[in-house]
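What follows is a set of structures to go through.
Look at the two complexes coming up: chain A is in both, with chain B in one and chain C in the other.
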Partner chain A sequence: MTSAMSPSERRLQKELMSLIKDPPPGVSVDAEQAEQNLLQWTIHMEGATGTLYEGESFQLQFKFSNKYPFDSPEVTFVGSNIPVHPHVYSNGHICLSILTDDWSPALSVQAVCLSIVSMLSSCREKQQPPDNAFYVKTCNKNPKKTKWWYHDDSV
Partner chain B sequence: MGNCFKRSTTDDISLLRGSDSVREPSSDPVGPPSYQEALSVQSSPPIYHPSPSLTQSATQLSEEEQIRIAKRIGLIQHLPTGKYDGSKKIRECVICMGDFMVGDALRYLPCMHTYHMTCIDGWLMRRLTCPSCIEPVDAALLTSYETN
Partner chain C sequence: MSQQERVQEELEALEAILMDDISITYNAKGCAELVKSVIFPSTANEVDKQYVCVTLEVELPQDYPDCKPVTRLKSPRGLDESTVDHLYKEIANKCEEYIGHAVIYELIELIRQNLTESNLPTCQCAVCLYGFSEGDSFTKTQCFHYFHNYCLAKHVTVNEKNFLEEQDKLPAWKRSTVGFQATCPVCREPISCDGTKLKTSLPPKELQDAQKFEVTQELKMLQQKMQQLFNYQKSKGGIIDIEAEENKLLLITNSEDNNSEDPGPSLSSSNPPVEQQPLHNGLQNRNHNQRHYSKYSNR
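Coming up: the complex of A and B.
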């Protein structure tokens, strides 16, 4: 079975196994769904204790192309609770440089999850991005098509 | 004497031709995979990736992108390669997340990070940075030439 897989499927299968076996705190993957379609995963994420998002839970959707890990995954918040955060638009798009310009094939789903947990945890005030209304009205459905202007590393 | 520009320009030509370069046919028989991919599909133009998420056929590339890709091919071919000998110091290729097996073809970057040759070449054809330390490979290569 493994031999018939493409390199990207093989790597995704390995990542999925390690995420199921040894997930970072507050992160879990919908294993059944990911096993059915390796190219689209749903990940549950708990707001870390002691942060503004404590007690909240979120869902992230990861979409992979057959060029993964050369091509970064498309990652958005989905579901009924989108975190209110200066880098998260109300349509679920996330402004995070490792998801586009700073992506590296040495990163992984786990690394992206940790980075998003840390982005949420360092937030001091729950606020939508200043251009939220305009962005949500005009953006492409795929956040990777957005020319993000990364300007603030502090949150 | 002022005529240094009249020297032969074979080096430039070899960069532009990529792996069919006549200067060092034995140094890198496999070459970057996307270039190989391109060679095997004779009927359609080769596919390149000016940046990681951009896929374009050779005919769609701007002149600037063509030059950038030609430089990349030339530079990748100058990076040392080898075969995995079972060394305990390196065990896994972080790109495919697979363990190195004795005899696997490896490529060594100037920052000393090591990957499967096919894995790293696929990335370097998109971006000339080390996936692990984000060190620009071309700058590091120049530094290593200067210090040697």
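Coming up: the complex of A and C.
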């Protein structure tokens, strides 16, 4: 007995299919779990060869609301290995503008994965965000509730 | 009537019917060699409703019409490969059928009829990821991106709501004086759209008819195979270098970023987004600025 799918689930179903068939290198989705509940996915990600994260593997959790894709997914690193990176807090929250202000419904799980792979790959020094301890103590559980302020990397 | 007279008669008739829509090239001896016509669907001359077109080239061998002409389809717009292949098959059949007779007008009509039937973009809507079916109302933006009106309406509504909420939080002097501007979901160009018309649109047919799929054994196997392939490539040291791949795809518009220290352009907001036809979904993020944040407040 399957209840009728919402437009969000119909789109997620398409995305799941293409992520299974054509995943970005080092990225794989837990297809069975996602099939059980299209609104929550676990994605495995391997640190790319030739980067500081080579040999490491990570888990990302994607949570979708019934307003997806108009509302961005909630994306966090989960599990025992959270990458040490200036834009990743030790509770798994990621500060990446496409996950909040710069989200567009034309983006996708695949696009987010590629952005995160690229964010990790361009890192030159493994370092936690300078305000990690304070943020982790005070933040909301949902990273989308955090209002991030734009910060120019080059400064 | 001589063979050349028959050709001349056919071409005169074509020129009388199609006027400027046809061009004929003659060789040094004054014989017609090549006939060209850009063909649009019949939309009662509503040019803004013509979403597809193709150029037909007909090369006339000496013995035409007693032998088949050579036909080519050039510059197809809004048509995918399978549609063009299908057209070629129908053209071949028609030429076969008309050996000994004037066929050019028949070909033009055949193609026009096909275009009229498939006068729908054959790409997907970037919002719902489903295609365009007959009866769906959709919008072609000024930046040449296609969306179901239903999908675009939702996008614009959410954007406007977010905009107004953000404005509310700002002190009066910081508020925008120009008001809300809708943008394209794909390239973020400003778009003009009739909100009330959009909002009354029905959901697209393909989205409504979508069936629930199951992750079949076949799909699981495929996924495993992809994983093995990845591991194999990695063990051979031949894994795709994400950053190198990105450099191939990213058009560098700011040469200052390109010093030798830098292993590659970052996706920083100093590079203006470059308009690209999305090859597949994953590439779209390169059109978007990617920014990092290090300060925050609780919403």
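Just so we're on the same page, the second predicted complex is superposed on the first by the 148 of 155 C-alpha atoms of A that agree within 3 Å, B and C clash if a C-alpha of one lies under 4 Å from a C-alpha of the other, contacts with A are read in each partner's own complex, and residues count from 1 in each chain.
To be clear about the criterion, contacts are C-beta pairs under 8 Å (C-beta built on N, C-alpha and C of every residue); 3 or more make two chains touch, one makes a residue touch a chain.
These numbers come from a predicted model, not from an experiment.
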| message | Given the alignment on chain A, is it a clash or a fit between chain B and chain C? | response | clash
| field | Touched partner set for A:118, first chain B, second chain C, both or neither | value | second
| task | Check whether A:87 is in contact with chain B, with chain C, with both or with neither, and answer first, second, both or neither. | result | second
| said: Is A:24 touching anything from chain B or chain C once the two structures are fitted on A? First, second, both or neither. | reply: second
| task | Count the residues of chain A touched by chain B and by chain C, then name the partner with the higher count. | result | C
| query | Taking the superposition as given, does A:133 touch the first partner, chain B, the second, chain C, both, or neither? | reply | neither
| message | Quick check on the superposed pair: does A:104 touch chain B, chain C, both, or neither? Answer first, second, both or neither. | response | both
| message | Contact-wise, after the overlay, does A:72 reach chain B, chain C, both or neither (first, second, both, neither)? | response | first
| Which region of chain C runs into chain B, 6-14, 24-32 or 186-194, after the two models are superposed? | 186-194
| task | Find the residues of chain A that appear in the contact set with chain B and again in the contact set with chain C. | result | 7, 10-11, 14-15, 67, 69-71, 102, 104-106, 108, 144
| request: State the interface residues of chain B toward chain A in the complex, per the touch definition above. | output: 49, 52-53, 55, 94-98, 119, 122-123, 126, 129, 131-132, 134
| note | So, in the complex, the side of chain A touching chain B is made of residues 7, 10-11, 14-15, 67, 69-72, 100, 102-106, 108, 144
| Can you name the residues of chain A that touch chain C in the complex? | 2, 5, 7, 10-11, 13-18, 20-26, 28, 31-32, 34-35, 48-50, 67, 69-71, 86-87, 95-98, 101-102, 104-108, 110-115, 117-119, 121-122, 129-131, 135, 138-140, 144-151, 153-154
| note | Per the touch rule above, chain C residues touching chain A in the complex are 126-130, 151, 154-155, 158, 185-186, 188, 203, 207, 210, 212-215, 219-220, 222-223, 226-227, 230, 234, 237, 239-243, 246, 263-264, 266-268, 270, 278, 280-282, 284-285, 288-299
